[in-house]
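Note that chain A is present in both complexes that follow, paired respectively with chain B and with chain C.
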Partner chain A sequence: MKKHPMLKYMKETGPQGDRMPMIMCPGCGSGQVLNAILHAVDRLIQEDGARKENFVFITGVGCSARLTSHYLNFDSGWTIHGRTLAIATGALLANPELRIIVITGDGDTGAIGGNHFIHVCRRNLDLTIVCINNGLYGMTGGQVAPTTETGISTTTTPYGNTEESFDLCRLAEAAGAPFVARWTTAHPHQTIRTLTKGIRKKGTAFIEILSQCPVHKKQSPVQMLKALKQGTARVKPGEPPVEGKIPIGEFCNLDKPEWIQSYQKVLDQFSNHRTPVEV
Partner chain B sequence: MNTRNLLEPGVYYLQGAQACLEGAITAGCRVYGGYPITPATEIMEHAALRLPQVGGRFIQMEDEIASACVLLGSSWAGEKAMTATSSPGFSLMQEAISYGIMSETPMVIVDVQRPGPGQGYITTSQEDVMQARWGHHGEGSAIAIAPASVQEMYDFTIEAFNLSERWRSPVLIMCEENVAHMRERLIVPPLDTITVINRKKPQDLGIPPETYLPWGHDVVAPMANWGEGYNINYIGLVHLEDGNITKYDLAMHDRCVRRLHDKIEGNVDAIAKLETKFVETCKHLIVCYGSVSRTAIEAVVEARQVRGIDIGFLRLKTLWPFPEEQLRRILPPVDTVFVPEMNLGMMKHPIAEALRDRCRKIVPIPCLASLHTPEYILAKIDEEIR
Partner chain C sequence: MNRLHINPKYCKGCLICVDVCPKKALKPAEKINAKGYILPEEDDMSRCTGCGLCEVMCPDFAIAIETEDQQER
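Moving on, here comes the complex of A and B:
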């Protein structure tokens, strides 16, 4: 049987046993997102000659977090809930050559990690944030998230969500991220293209992927994918967003100074000569 | 050792905070992430000035949680990293300390202690010494040391990095506000006489990625870093030797956590250091740590010379792991043990436990938000010993 082309980047088995099939629930979108990310990384390795050893995948806690440690044959960290971007910042300070891809969820990014998220965008660090947004907390059993639409019932909003929800892309853009985009699991090719651009971008790339959670939303995956297609509309430059639809596409791609490069200018002042140490 | 732009050998008149940071960069620290807080900010300001001069990077993060997480990322990417904070910030760092213990991450955190609870005040304290051991969630210990002078802010910080690299553990420098703000003499020895320990790496031991077990090979596993082709996966869950949790069972869980615990607690003799005077045959004893030891030794000398009280002096240079067996080995049975602390009695608990059958009475000498004077300690000794 012909193998899936992305299996070359994954651990199929280990000393302690097989890793496949994945632990994700049937119909979950996380596997689709991982597939898209690996296709984009593959393009960078094949087309740009990027070193595989320099890619690092960092996740926090939640469904999205399970994608790295279990399966990826890359350097990775399955880290603390919400702290992925602070940890990624530390890694880049130590080694700016690393190509860091943070795979995160809407709770990880928009709630517990919100502070780190806006400050990474503000600093414009050279990394890629892929946020799998399923609109709820899946791993803990379907609680309300900052991205849950108003009115939706969850296990912690049994009478319907009375709060307003976050638009994470607008938040990222306002905080200063130069590359911001949104696609859905129903747009695999567009997602791969945008991910490739985002990883190539020198600076913070925030790419939100709207995804389905059939288990906690109690709907069929097919029905949910159709809804993701029908409920979204691509943004067109110069045109207002389509009323009643979630905008998708690439929202911005700006040239801004990347922080590590800016700080390098400070380092360079001291690179060639001895500095009288003043204490 | 890369000696470019390090503080050169010589005699200086420095603040404890500056000496601490100079020790750090001499030990090889090249990343500093921090968040301002009184009375620890001087360490951070000195880091902002000095890190770029030695080819390192400094960042002011959005909070203390993020600052401690910077250490995790930097260490995994191959650099030694440090942050400094004060007590409220230290509370926020407990999450990363716990993760650092599980992921066996070398990292150094300085806690310039101020009194609490809450915002407390911005003066001095030793009120976080229990937090250093029990503040983080879960089993597993970090290493905590207590410097008492500007010289020790330099020396102990180098030692902190060496311990963290040697044992792959978070190391906490538990100093007091008065030590960080104190200015006194610092002697920097010839740099080639300073021992700097770097983590053991699988490459150095000839272990290729194919056979590398991230949590295997030795009591302290060799550490692969990101970007070196080892497909290393840092993980916060209990894990197997291959660094994964593919098949969870209780035996694996037990083995993982006991190994982390025993790595530190089982090597307490190799890690912990004490200082003693007059203890060989003493009738009474004073046990202390940090800057309190400087006034306590004056009180002890005075008590012996002027009052003729046979009292010994024991200083804990290492707070955690607590050197219980060392205490029991070197101390004779004594009558009264005095424990002066800048809190209401914290380290007196493990001290009492260690000397449970070796002394008649434990007498805490608490002092909140200021350093004990020798007279204050002497008065308590007089009160107890007629």
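Moving on, here comes the complex of A and C:
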């Protein structure tokens, strides 16, 4: 029997027995995002000759965090809640050759890890941040999150959310990330193309992927995918957004000096004039 | 004709593949399986063009399409 093409990058069995099927609920968008990321990584390995050993996946805590270390046959880290980007920064500074892909959720990036997120964007580190945004805290029981849209009912806002929601893409853009994009799980090929671009990009690439949570929003996955497709409209850089629809697409792709390169310049300045230290 | 492979161990019956197939080559099965899921099955595989959208959209890595070129090898 032919297997799914992306299973070659995954661990199907481990010392404790079978790892698959995945832990996600039926129809969860996280699996689709992992599928898209693996397609993008496969493209980089096939086309650019990128080495498999150089890819590192780092996650925090949440539904999205279960994707990497349990299933992927890459180096991966399952780290602390919200501090995903801090640990990714450490990994990158230890070995700047690495291509680090951070998979986070909206709670991990927008809520508890908001501060780390802003400062990674500001420093422009060479990371790819993939944010799976399902608009609520899925793992803990579907509570309201900073990214829940106004009027949406969750388990803690049964009469509809009264708060304004957080637009993570605009936050990343304002904080200085050079590559910012948003797609949904209903746009797989566009997501793969953008992810490939984002991983190739030297600098922070923030890619938000709107995803469905069929369990807590109590709809079928097919219905939710259709709603994602209808509720979003593609916006090209410089164009005004369509009213009443969530803008999707690649919002910016700027050339900015990457932090490690700028720091290396300072180091090089002094490495030629170093005087031996007398003990 | 392209061949459809569905891994019954991995599939959780979300039926996204049935919906996204542009040629409607898949359909939901009539019977539920041992885990209580309705898995997809082939409706008319002669309509399948091997576009691979079902593979790209599958959240559980359970579906695979074997195209005619791959069968010859």
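Heads up, the rule we're going with is that the second predicted complex is superposed on the first by the 267 of 279 C-alpha atoms of A that agree within 3 Å, B and C clash if a C-alpha of one lies under 4 Å from a C-alpha of the other, contacts with A are read in each partner's own complex, and residues count from 1 in each chain.
In this section, contacts are C-beta pairs under 8 Å (C-beta built on N, C-alpha and C of every residue); 3 or more make two chains touch, one makes a residue touch a chain.
Keep in mind it's a predicted model, so treat the numbers as computed, not measured.
By the touch criterion defined above, A:Ile152 lies against neither chain B nor chain C after alignment on the C-alpha atoms of chain A. After overlaying the two complexes on the shared chain, residue contacts for A:Met20 are found with chain C alone; chain B is out of touch.
When the two complexes are overlaid, the chain among chain B and chain C that reaches more residues of chain A is B.
When the two complexes are overlaid on their common chain A, residue A:Thr89 makes contact with chain B while staying clear of chain C. After overlaying the two complexes on the shared chain, residue contacts for A:Asn35 are found with chain C alone; chain B is out of touch.
Within the superposed three-chain model, A:Trp78 lies in touch with chain B and out of touch with chain C [touch as defined at top].
In the superposed pair of complexes, A:Ala227 makes contact with neither chain B nor chain C. Per the touch definition, chain A reaches chain C in the complex via residues 1-7, 10, 20-22, 24-32, 35-36, 39, 185, 188-189, 192, 214, 220-222, 225. Against chain A, the residues of chain C that register as touching in their complex are 3, 5, 7, 9-16, 18-20, 37, 53, 55-66, 70. Contact residues on chain B toward chain A in their complex (touch as defined above): 4-8, 12, 14, 18, 22, 30-31, 33, 46, 50, 52-55, 57, 59, 61-63, 65-67, 69-79, 81, 95-96, 99, 213, 226-237, 240-247.
Interface residues of chain A facing chain B in the complex, by the touch rule stated above, are 14-17, 19, 53-54, 56, 58, 68-70, 72-80, 83, 86-95, 97-98, 115-116, 119, 263, 266-267, 269-271, 274-275, 277, 279.
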